Structure formats: structure tokens, C-alpha cells
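Sharing a structure with you now.
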Amino acid sequence: MASKQMVNELKPGEKVDSYFSVNYKKPVTDYKYGFMFEFRVADKSGQMTVKYWGGQSRESVQKLHDSFEREDVVRVKGEAQEYRDQTEISVSEKNGGTVVRLPPDGYDTSQLIRAYENIPEMQAKIVELAESVHDPHLAKLLQSFFKDEEFLRSFSESPASITLHSAAVGGLLRHTLNVVELCLKVRDIHPELDRDLLVTGALLHDVGKVQSFRISSNISQTEDGNLIGHIIIGDHELVDRIAGIEGFPGGLASKLRHILLSHHGKKEWGSPVEPMFPEALAVHEADDLDAKLDNMITKREEAVTEDDWIWDPRHSRLIFLK
Amino acid sequence: MASKQMVNELKPGEKVDSYFSVNYKKPVTDYKYGFMFEFRVADKSGQMTVKYWGGQSRESVQKLHDSFEREDVVRVKGEAQEYRDQTEISVSEKNGGTVVRLPPDGYDTSQLIRAYENIPEMQAKIVELAESVHDPHLAKLLQSFFKDEEFLRSFSESPASITLHSAAVGGLLRHTLNVVELCLKVRDIHPELDRDLLVTGALLHDVGKVQSFRISSNISQTEDGNLIGHIIIGDHELVDRIAGIEGFPGGLASKLRHILLSHHGKKEWGSPVEPMFPEALAVHEADDLDAKLDNMITKREEAVTEDDWIWDPRHSRLIFLK
Amino acid sequence: MASKQMVNELKPGEKVDSYFSVNYKKPVTDYKYGFMFEFRVADKSGQMTVKYWGGQSRESVQKLHDSFEREDVVRVKGEAQEYRDQTEISVSEKNGGTVVRLPPDGYDTSQLIRAYENIPEMQAKIVELAESVHDPHLAKLLQSFFKDEEFLRSFSESPASITLHSAAVGGLLRHTLNVVELCLKVRDIHPELDRDLLVTGALLHDVGKVQSFRISSNISQTEDGNLIGHIIIGDHELVDRIAGIEGFPGGLASKLRHILLSHHGKKEWGSPVEPMFPEALAVHEADDLDAKLDNMITKREEAVTEDDWIWDPRHSRLIFLK
Amino acid sequence: MASKQMVNELKPGEKVDSYFSVNYKKPVTDYKYGFMFEFRVADKSGQMTVKYWGGQSRESVQKLHDSFEREDVVRVKGEAQEYRDQTEISVSEKNGGTVVRLPPDGYDTSQLIRAYENIPEMQAKIVELAESVHDPHLAKLLQSFFKDEEFLRSFSESPASITLHSAAVGGLLRHTLNVVELCLKVRDIHPELDRDLLVTGALLHDVGKVQSFRISSNISQTEDGNLIGHIIIGDHELVDRIAGIEGFPGGLASKLRHILLSHHGKKEWGSPVEPMFPEALAVHEADDLDAKLDNMITKREEAVTEDDWIWDPRHSRLIFLK
Amino acid sequence: MASKQMVNELKPGEKVDSYFSVNYKKPVTDYKYGFMFEFRVADKSGQMTVKYWGGQSRESVQKLHDSFEREDVVRVKGEAQEYRDQTEISVSEKNGGTVVRLPPDGYDTSQLIRAYENIPEMQAKIVELAESVHDPHLAKLLQSFFKDEEFLRSFSESPASITLHSAAVGGLLRHTLNVVELCLKVRDIHPELDRDLLVTGALLHDVGKVQSFRISSNISQTEDGNLIGHIIIGDHELVDRIAGIEGFPGGLASKLRHILLSHHGKKEWGSPVEPMFPEALAVHEADDLDAKLDNMITKREEAVTEDDWIWDPRHSRLIFLK
Amino acid sequence: MASKQMVNELKPGEKVDSYFSVNYKKPVTDYKYGFMFEFRVADKSGQMTVKYWGGQSRESVQKLHDSFEREDVVRVKGEAQEYRDQTEISVSEKNGGTVVRLPPDGYDTSQLIRAYENIPEMQAKIVELAESVHDPHLAKLLQSFFKDEEFLRSFSESPASITLHSAAVGGLLRHTLNVVELCLKVRDIHPELDRDLLVTGALLHDVGKVQSFRISSNISQTEDGNLIGHIIIGDHELVDRIAGIEGFPGGLASKLRHILLSHHGKKEWGSPVEPMFPEALAVHEADDLDAKLDNMITKREEAVTEDDWIWDPRHSRLIFLK
């Protein structure tokens, strides 16, 4: 297997022969000299558009088009070019360019998706925190999640979002740990909070993300991730596991569900109910702090400029780099 | 059983001897001449505060206080008085005033809670509409709700809200029918909409309200109604019934759940997701139209004034009565 | 007359020889090899930029530039080219390209502006609905509008907006019918509403749009459409016609004007007053429902993608296509 | 005619025998010892509630109730009393209290409504400013308003609002003068503005208020003031007078109407269109400045406290009095 | 010195003879039987209105009125009464009631203002945290604050707000400690943050509150607290102390000032600039978390009800007490 | 020195040999035929991108790159080209293109930065207005600013913003004069305002801008301009100068500071406190009027179109040009 060319390092004029994951594909259309189509590929360094320029036979271009799908990994031979201030890959049939779907053993997934390195340590910490809960029902509930190997594996693979830094395998694990640790510090300050409820709520607040993202050769949002949303998906996960625990008190279940449902803090941010008791408010505030800070730190780290300032369009703010 | 005195007809100075439902109770406290406590009662005409003025024995006042609870029905003997521009009932121990908890057969519930009269007709229409759905899975789902006698009874008893006009037994039935009828008219205008999906979504959009309100001798919000919210409660109802239907297509289930979850239209109005396809948007718009219009019509009907205008403080608007 | 080439079907590299309506024109400017100017054309399929590349004589380029105006129809001979991800038409003087203004009989207007096909049926329905109003003053008022051939013709030609689906001849007629039908359904549900006032308000709510759009070889907003707005223009139409009806009750006129003025529902959406009685609220809600739903259905229909989702930037939402 | 007792000077325990204007009246109702009704009166110092406590004969109380209406002036004999932290007038039939409707010559209107003293001077200034406009059409338009004695009288009587300082006869005149003067200063700074258009727009921006308020024995909002709003009423005034001037240019009329329609500056503040050229923006800004500043100055002047601060609930702000 | 009667324990009908702090005073006015005035008193349990009912001599009532001022402590002899649902103290001259200003040794301040008990421990922790900063300039700056006995005393006396729980002597110390501890936890999670800058920013973020509150016999906002605001006052404190440290780097000073100025997080919450680097964002988030959580915990603790829910009007939310 | 070529007049295909100010520079990167870098230049007519296309030696391209910095003035020899609808300057090494840093006497600054012409007259007016203040402390304060030659020079050089019209040397002087004149007119209308406080507040409201902008060969925002903001910078200027005046009353200082701090009118617009007395409100309203109107007038003047309308994206509004 040849060494991987990363999309964010391709220069206009450079020959390309490497593999990439397919994000989406557009239909075949005609152009001056025949038929062409466009698709978008990714690896762990970023995304890039590919244009396949075929000849006069619509049939053969269509056949190539149909030979691979979204989430497949393909080997692309072509040339990097600049087009409207973006670098893209041009694959010209008449110059011998090709696109070939690869079998699962034909590539190295770790080149396609980013991943945190310390996943086993993070898993161990999560399990340890789950075991620190004494309330028997909450303890059983946490076991039903984190002692379930299948769940733990999926949870550990999940990113925390599909953009930015935490958009990496292990991102959800990392974010969850941060939120639990902040909540434990909050509990130090306010010992009147119910530690077991707080820790359980923090550990489980984002479990719905596991089913909201699909990890294949790239990371994407699932259909239910859009139509139902990770908060409601998580609430069902919770209710299903609680149903399997005999004698789980109804009032406790309602409070735990409320923590999960209200963790975005405000209706306009997507929570159908807003925090109504301190443990719910603490989980929301810790989640908010970790997400916003991680976002700004990432933007600062990834900035490529000689200037002391970058503009963050999503939050309409300047970030100071000095 | 004596004739019922309605709270909204009591005049200051009038003797009171009638039964009422208990909404809430405050603890016993002392006053100049002994011990007293305050509670709030209701019947179908409105609500009123009652003050029990006891003597020097804290014990006996406490005993009376403990003899009834929220949602009990009590017979109150006392006198209506004006206090700070409100009429209230004063029960004076030394003048022979009493408060006695009544057994279930000691009163007529229809005097305590308002109810629409045409519930059987509305039930029949709902069932008929449910039967008009042809898609086999949706049809089975609707049967699992509306052919379930227990569910149909609860659904028909439920109000649509705890304030205003629709705060009456049968209110949910009535609101649901209105929303379905509006959706059918929308479907006439836009035949490209999926009739079965639309009707099913409209019929089920508010099923979560059944568990959000408790109907006893009065109407109140349940704990889960506050902590979880009727939208999420309804989504679980839906998922549970779908689980009982073999071969229910996953994509269809997601679309139906999306209609229910998005029916408040915007996140800030409590929907965790916002309408993403036309059938969901139609259910939201029909729900909104019916709720807002019913609200204004009710305010206009209940206005008691010689003036041509009333001020609606909740919506910060004038309503014209002429 | 040769067959029409539609702008949304032109491919880069394709020869162009067809007629188009002129939307606007920019001044003559110089370039490397002489003088050029740019203008924008439209037909019923969409819009496209045309660039005329002339020679060293400013005078002759200016003369061509001055030979046609906005709203004229011109025959363009040139070639379609891709420029910054957009297809545009390049007309090169030295390659024999030309732009010639056509006389009114030189083209087929139905190729330039979209139109609904069932206008006569829709007109008939509108007239029928107008005739269903019994109140003598409202009936006369509706006659003064819809029995006025000139008005009915203009009303039937008017679009409901200048973007999207309803941006077609007959669009206003269609939208008005939809709003009336929804209001009639609302009246079925709430028989306490005044049917005549409601139907009249619904029929006339958008009459100001007739003078807000100009229909020539294309559709544009008039100066008063921007400076005064269709709501206020419509209110003057109404007041003028009411003035011609003897004995029209002042109170009724005020209520009808209020329906028209408040039909956008909120001040921030452009209504100077907000609905103050149920008939006004019903017209607003029906208008809102029809506009929003039509908008989403159109977006879904016009989507060109293999994906299951499109992004609607104007409403910042995903639309699900499956 | 006895000296007037002002409502804001009545003390609990003081005998009352004076005349007041009637704002509104509530229906007759019963109380412990018979029948009573309540109404609200005003004079130029403020407003106060009156309660008439009659005897056992409903008929005679109803007769008294029906003997006067809103906007009548009545002579009230009774006693000031404190009731729920408010002073009110109690009229007790059995203690000889009475309420008698007065004929127009029975009272002094200047005791009932506040008025600015320098109205003639302000009228002269307005006329002078109107005459400073040179454009022949605008000049004729201004004459059609301010040389119309009837209009000038109504305009000069009108308040600028129904609350606060400018709620006085002459208030509209005063506010209009202030806005014109500010606009003239703006024109000094920006000579590129069209002076005639600017001055005309400023002079006429609030003409719709004349028909929005009714001045009788007190000041109230008219029905059209609520349903149509002073901005739209003013636009009709303008259009009607323009129609009477031969050859008034259409474009000029549209710009002037735009100034009037957009003078609230934003849709959410009630303007159906927002300022689109500098003269319109200037009139809006000057109107805003004068209204807000006058409001704060009035609040500061009317504050009655030993403290250095008052709370202005309408604008949720502290005002510093030192 | 007799035992203190607390205002929140006074019952209607109870004799009062105790001392209180004066919050504000209204002017003398007349009533049915002579002259009276009203003032408001407080102790650490709450606030209450006092009414002094004097006789026919305005002079003697005025003399008493002038004998004490805001922030004085007075001994009040009278009787608790219920007036409009509030308990207040009535002091009747003719029944021997009196109000006498007390000298500083005439009362126990600890009965008038609430205070945290562990102030010395909290001071020690603050000093320890200040000493943990290694950067020489930041370390000197912290010494200039916390080694200044006078400042440390004022800082330790200051509340964090004038309402709720933290409205107690030591409240600012406590809130500051909480914010520093949360920031240290954030630093554990994100070691890339500059620890010294973060800790210094957290320690100093609210130093402006020292001059925003006045602590006498009660707690009040200073004039500059309102006109300038604690954020700007704090920025001047910072700049002044930095000016006294030789060679303090300009860039470091700007970053530290930015942390302080931006700690409310958004302009609409009173920060003139918004966080532009991660340390500033972290201080804001920690401040926000501590303030909101403390607020909800306090509301829950102070709730007096048999119900499971209370309504928090300031944040328009239900709080669950179970 | 050759005549200056202005960036907004360069045509694609035109040879360029002129000097420009450097705004920012990007790092050296490779391309198909060697190494290149990009930078941005400005003169008083606008801004433009320059691309330097070097050869195979990274070293020599890097050396050229390092030979000039932001704010230097450089002589550029190359050719104007169109790239993605923008004109830019292409400097090709192999075609003899060069970029050379110029010494201060190598160019004419007045070609690089725009400046108002009547600065001396405006200075004279400002000084005259400052001298019209009678209050001795305010008069001394104004002298300390405007009799300080150094300050007056900087103040007169400062722009009022870095975009649009007032982005010119003298812009701050002009805006300040306008605000003072508007305030004087407001004082004519409301003589109860304190003239000296009002004029002083208006003269000083924007003094913080002097340190917020850097004027070199172009205009840029300083680091403190972003991190601290001109309002807070101005408040420190004020406090420092007040400290130098013996006996300046504390209350007067607080009011003046409040005017400066609150002059943006609302927290969300960047003022940490909002106007609490009329003089502060007047300065805010005058500032707002001048800024908004100047903005719209400038947009209208700079519009280049044959159309009657332009779209102002920053304020989401149409501007009418006729």
C-alpha cells in the first residue's frame, strides 16, 4: 500500500494517486467534450471535490459513476488543480485518470478518520466514574450501559460533533469525561447536590449521540440524527435500559430523564424542557462550558495566518491569537 | 344533595354551604386569636380561596387541616367576604363554620369539572377518521390507539390545556378533530401531500397530553407533564405502539415521530426538532391556527365589560368585542 | 420563429440564438481589447448574465447598449460559457455575435413568463365565492372588484410573489382561493365567526399586490411596491371602492380594513396593526399557512440532487426529500 | 361654580363635592346591603375610581347608572377613602351622596384637560415653517393643511399621545415643531438633503393623530386609532389632499408618503416600510429623539420621592434625579 | 440590650419593641386624624414597612421624621398588623408608640446583616491561591491587592449581589473562590491554557464590586455602582494597581483587562467587549455557572410551601423541590 | 515621483507601476512553477490583492517576502488581471515584475489616506465650542484636552470609523462637531437640560477613538481598540484628565463619565450602562442620528449603478437613489 496523500497537502499541479472516502456524488451530466460527474472525498485531514471528465460515451461514464457509493473508499488517479480559489482533483479519462472502488483491506482507516489516541485510558476512567456511584438503581443502570461491551465500543468510537476538533473517534468519550469532572468540582463547591444523580446524569447526557452519527470510512449524521435528534434518541436509550432494572423508582427515572432532556439549557437550543432542579442545571452548564471552550481552543489551534486575529464567522467574533 | 353554589356566583355577605374540589393547602399558622390555615378550592365555574379561622388549640386546627388533601372534595360552611378586591370564603370556627371531606358518592363530579357535551359524537368522528387511513401499518397503529377502549376513554377525558376553554373534559378530542379537519382541507389544496401520513400525524400529535394531565375532582399537570413534557411523553407512546406492529417500516416510523416531535414548529416553542417535510409543517400550522383562534374566541366570549375592548395581558394585545 | 432555448438548459459550449427578456443592464466599460457591457436576461425557466464583448470603438458599443432597455425582449446570438461556476452567454462582436431588440410580435410571451394553466376555472371560483356573500354592502363591494373586468384581469395576471412557485401569472388568484378555502373550513369549525366578513376579508387581503408588481416581458416590483408596500396600497384600493358604495357602514369598513392591514399578523412582519378580532386572526393564520407550505413544497419539488436532504438557506433549515 | 377639587389632591377622609369627566362605567351589581356600581373619573390632574353604594332598589340604582355616559361631566358628592393603597371616592346613597350629569355650561373644561399655554405662538411658527417651503406642489399641499382653519384647529387641539406630558392639548403642535427644528439642524449639517421634502415630511409626519384621538371632556383613543392606526390614517389624509392639487408629481407623492409611513423607523415599531432614503431616515430619527427625551424629562419632573433614583417600569430602567 | 425580634417572624397582633436598620423614608403627609409618615426597615431576616401615625401637630411629627436618616438604626415600639396581605409595623403616637435613633453601641450589627461564618478560612484560601501564581508581574499585582490589608478587609466584607444568598458579608469572597476553583478544574482539562493569567483573571474579575456596594447597617448600591457599573470600576482598580508595578508588560495588562471587562460574556449582559481568547471565555463561563447555580439552590432552600413546585418569576421557570 | 495609479481605477490588462500601502501579507507557498505569496495593498481609493509569482528558488522569494511589512509603502510593477470577478495585480518575476519597499520620502501620503479638507476650520469650531462652557471645572477639563496641542493633533487626525465615509483623517472631528450641534439644538428645545454638562459630554463622548485607531500609511484598529474598546479607553482618558484638576466635584465626574460610558445607548450596542438622565440620553440620540444618517448618505453617494435601488447588506435594506 502506497503512502497516503492527504487532501489538505495537495498543491495545484501535483499528481494524485491515493485513496479517499466518498462523501457524496452528483449525477452524470454532459459538457463540451462528453460526459462528466463530480463527487466529494475526504480523509482525516479534510475534504475535496473530484471531477471526472469522461468521453463521448454516456454509457461508460455512467457505469463508472455507478461502481461506487457514498462511504465507499476509492483510489483516485488524477491531478490537483486550482478552481475558483479551491484546490480540487481533476480526473481526465483521456489522460489515463481512473477511479476504482477499494475492498476493505485495500486501505488504512486510520488515515481516513481522526481519532484520539488515549481511548483505552479514557474508557477506564469512565468505567471508574460509573463504579463510584453508590445508589443501587443508578449503579445498575450505569452497568447496563458501560458493562455492555457493544455499547462501550460504540460510545468510544463516537465523535461529539461532526465539525471541529471533537469530530474524531473518541470525541464523545472525551467530552463526557470533561463534563463529569466539571460536575464533580461543582459538587465539591455545593455538597448539597445529589452526587449520584449528578454523576449519572453527566455520564449519560449525550448517549443519544451514539446513534446520531454513523462511522464508516467517514463520519456522517444519521437520518434519525436529523429527524429525531440526539436528545430524544438518548432519552429512549435511557428509558429502555431503566425498563430492564427491577424496582427502579419512577421519580428517580423522571429526574434522570429530565437531566438528559434539559441539558441544552434552553428550548431555543433544542431542549424540550429547561432545567428545573440544580443537578440538571449543573449538567447543562458544564456541557456548555466544555463545548464552547473546546470550540474556541480548536479554532485558535487550527488558525493559519501571520495576523494576530482571526474572524470566527459562526459566532461572529474575533479571536485573539497572541 | 343540596344544589351546588358556584364559586363565580358567590357575593360578599352570602352564606356558603356547598362542596368544592381542593387545589392546594397551606400549612397551619397562628393569628391574633388562635390558629388558622388557608386552602384553595375549585368547581367548574372557577377557583376561590378559603380561610379557616380556628381557636386557641393548635392541635384541633391541625387535625382538621390533616383530614383532607389536594384533589379531595370537601363540604364548606362559611360566608363569602371581600378581601383585597377578591371574594373569598371565611370559615369561622366560633361561628360554627366547618370543612368536611366527602366520600366519592357525596357529590356530583359534573359540577366540579367542565366537559364538552358531544363527546360520543366526537369519538365516533375520530374513529371514522382513523379508519379512513389505508396504509396497512398506519392503519394498524391507529387501531392500536383508538380501538384500545382504555386509551380512547382517557383520550376523550383529557383537556387540551389547563387554562381557558379547551380546559374541559373532551377538549383534546375537540382540538384533535379540528387539526385533522384543517389538515384534510390542506390536502385538498395540495394533493401531493401523503394523506395517510398527514391524517395519522394529525390524529396522534397530542397523544402525550393524556399522561400530562391528571383528571380527578379537578384538572392538574402531572409531574412528568412538567419534567418530561407532553411532546416527549407522546413520542414514547408512539414508539411503544409501533413496536407492537410487525414489519412497521423504520423510515415511516421516523417520519411519523418527526411530525409529533416537531408539531410546536420552533425550538423556542418546545419542539426539539423543527418541521423538515411538508406533512410535518402542515400539522404544525393547523395546530397553531386552532390553538390561537380558539384562545381569542374564548377570551372574547368570557369578557365581562361594557367597553368595546379588553386587554389580553398574556399576548399583550387589545381584543375588539364589537 | 425558431424554437426557444431555455436558459436553465443551456450547456457550456452550446451555441445560443434565441430571445430573452431584459432584467437590467450595466453601463459600458473598457477591457483589454476594447469596450464591453453586461446585462441580465430571463425567460420562464430562469435568469442568466450576458456579456457583450465589443471592439475598439466606444461609440458603436454605446449605440448597441442604448438600443434596448429593461423589459425589452432581445434576440441574442452568442455562446454559453462557464464563468465562476455559473453558465453565462458570451456575445463576441468579432465572432459575429449580436443583440437585437424585438418588436412585440417577434416573440411568444408564454415562453418568457410562467403562468398557471387553469386561470379561467380559478376566476370562476373566485366570482362564485364573491357571490356567496349575503351582506348587501359587502356583496356590493365584492362586485365592485370582481365584476370590474379590468380589475379581474389584472388580479388574475398578478403573481403572489416575485420568487418561487407562486411567482407566476395566476399566482395571486391561486393563493387567494387557498386562503378563502382555509377560512371557510375554519368557519365550519367555529360557526360563531361572521362568514361574510371572513370571506370578504380573505378575498381582498392581497388586492394591493396587483399594483405592487409590473407584468411586462418579465415580473418586477414597482416603485410603490417598495416605497409604500402592498398592504397599504391594498388598503387604499379598499377605501376607494367603499367610498363608491352608498351607506356602507363605517364600523364595517373599519373591521374590513383592519383584516387587510393586520393580515401579516405581527408588526415585525410588516402589518402596522395586529389582529384584534377572530376573523382578522383567521385570515392571517390561513395566509401564513398557505404561504409557508407552498414555499416548502416548491423547494422540495425543485430540488436537483441525489441526496435525501437539501439546505434551505432562507429559512436556515434542512428539508427532507425522501 | 364652586372651586374645583383636583383628584390628585384628595386625601382620605376629605369631603368631595366637585365635577369630573367620566372615563368608563361598570354595570350595576349587588352587594351586602343592596346594589352598587363603579365608574372612573378624571380631571387634568389625574384619574380616580368612584363607587356608588345604593340601597335595596335595583331600579333606582340602575336609573342613576343610566343617567350619564362616558365623556359626560358629572358632579359627585361623597367622601375620599383609602382602599387597597389607592384613594377613591365613595358615594353612599344613605349618607346623601349623589352623582349628577352637568350641562356643557356647568363646568370649566380647562380644569378637566391639560393644555399648553402658548398654542397661538406655536401655530404661528408652524404656519411660518410651512410657508418656508418653495417647491410649488409641496407648498400648495402644506397650504391645503395649515390654511384650512378647521384642520389647524383640530391639529392644535390634538395631544401627541394619551399618556405623559405630551398628553395635553397642543402636544401634537409642540412635538411637530420640535421634529421640524431638529430636521432643519440636520439639514444644516447635511446640505445635500432636500430641504423642502424634509420640512414637509416633518410637518406632516403625525397628521394621522388628529383622527386617532377624541377630545371631549377627556382624551381617548378612537376606534380607528386602534383598528387602523395613526400612521395609516395620516397616509390617507395625505393622499386625499394631494389628489386635490393639480399636477402633483407621482414620484414626489410616493416619497412624501414613504416618509410618513416609515417614520417609526422599524416594522416592529409599527411602520409598514422602513426608511429607504436619507430624508425619511432623518424624520424618523428626529421623531425618535424628541419622543424619548420628552418622556424621560417628564418622568424626572413628575417624580415624587426623597430618593435620588426612580424606577421607570415601562422602559425597565433607573432614572437618576440628582 | 433586649433580644432581637426578626422581621420575618413578626405576626399580626404581636407587640414590637426592637431595633432595625432604616432603608428609606417617605415625606410627612396628612391623614384623617393628623400627620403621618412611612419608612422601611430591615434586619438580616428581611424588610418591612413601618407607619408612624402622629397627631394634629405637623411640627412634632416633622421633628421626629427628621431625627433619623437612611442607614441609621432605630428602636421601634408599635404593633405588627396585616395590611394588604403584608405584615407591617404600625406605630401610633396616641398609644405610646415611638421611634428612636440608636447610637452605634446600641445594637448588634450581626443581627442586621447576614454574614458567612468562615471568612477567615476563605481569606486564607484566596491568599494561598494568589501566592500560587508564578509570573512575576502577575504575582506582584496580586500582592498589591491581597497583601493590602485595607483592600482585603473591604473585599471580604463585600457581598456578591444585593439580593439572594450571596447578599451577605463574605459573599464576594465565596463567589470568587468558587470561580477560581472551577477555572483550575478547566485548566486541568485544558493544560494549554495559561494558568497564571487564568487564576489572576478569576481572582480579580469582580474587584469592582467592592466599591459598588456600601455596607453600613444594611447593604446598598452606591451611586457609582449604578452610573459606572462594577465592571468599569474594577477595570480602573486594575489599571491603577498595574501602574504601580514597574515593567508590567503592556500586552499582559491588556489581556488581563480584557478578561475582567468581558466576564459577563455578552454585550447585552453588560460587558463592553466579549471574550476573545480562551482564558477570558473560561472566566466568563465559570462566573456564569456559579452565579446561576447558586441562585437556583438558594431559591430551593428558601422556598416555604407544601407543594413540590415553586415559580421563579425572575427567570420565568418552575423549580422542582422534591 | 510618477503620477499615482488608483486601485479603484485599474482595468484588467493595464500595466501597473505605482506605490501602495501594505495591509497584510500571507506566507510564501509553492505553486506549479515555483514559489509565490500574496499580500493586500490600499490607497485612498480602495484595496486590492497582489500576487507575486516567483521562480524555483524558495530562498529568493522568501527574501523578497521578508523585505517589507504591514504598513510599509511599496512600489509594485506588474499587470492588473481579473480573477474571480475581482481585479487584482499579478507580479510575475519572469516578466520583470518587482515589489520594492519605499522610504518615507518616496511617496505622497495624501494619495494613500483620505482626509477632510477643512480640518483647521473644524478645529477652530471645536475650540470655540469648548470655550463656550462656563462651569469652571468642566471648562478646565476641556482645556486640558483641546489646549493640549498633541491631543488636538491626534484627535483631528483620527477617523470616526474604519469603514465608509468617516473613515478619513478628520472624520472624528467632523462627527464630534455634528453631535455637539445637534445637542445644542436639543437644548434650545429643552432649556431645562444642563448646557455645560451636555456640551462637554458631546465634545468628549468619542475621545477613546484616538487610541483605538492607528494612522500610518493606512488606518487600522489597534490591539486595545479590540480588546478594551474605545468606550472604556475614553473613560480612562477622562478620569486621568479629571484627576489633574483640583477640586473637580465627584458627582459631576460621575455624571460626565456616565454620559461617555452610556453613549451607545444600549448594552447590546456596547455600552456597559444605559442612559439614566436626559443629558446622557441626548448625547446618545445625537450620536446615533449622525452615525446612521451619514452612513446612508455615503452609501447613496458611492453607489455605482444605472438602477434606482441598491441593496445595503449590512443593514438588510434597500436604498432608493432617485
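Letters A, B, C, D, E and F mark the chains in the order given here, with residues in each chain numbered from 1 onward.
Going forward, contacts are C-beta pairs under 8 Å (C-beta built on N, C-alpha and C of every residue); 3 or more make two chains touch, one makes a residue touch a chain.
All of these numbers come straight from a predicted model, not from anything done at the bench.
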Would you pick out the chains that touch chain B and also touch chain F? A, C, D, E
Between the options D-E, E-F or B-D, which interface matches A-B on more than half of its contact pairs by residue number? E-F
Are the interface residues of chain D and chain E largely the same numbers on each copy, more than half shared, or largely different? different
Chain centre separation (chain A, chain C; CA means) in Å: 43
Chain E residues counted as touching two or more neighbouring chains: 84, 223, 226-227, 251, 255, 258, 276, 318, 320, 322
Which of line, ring, star, complete or other matches the graph of chains that touch? other
If you go through all the chains, which pairs of them touch? A-B, A-C, A-E, A-F, B-C, B-D, B-E, C-D, C-F, D-E, D-F, E-F
For the complex, give me every residue of chain D touching chain E. 11-13, 84-85, 305-309, 318, 320
Considering only the defined contacts, which chain E positions touch chain A in the complex? 178, 181-182, 185-186, 188-190, 192-193, 251, 255, 258, 274-278, 281-282, 285-286, 288-290, 292-294, 296-297, 300, 317-322
The residues of chain B that touch chain A in their complex are 223-224, 226-229, 231-232, 235-236, 239, 251, 254-255, 257-258, 261, 266-273, 276
Which residues, counting only chain B, touch chain E once they are in their complex? 24-27, 30-32, 84, 223, 226-227
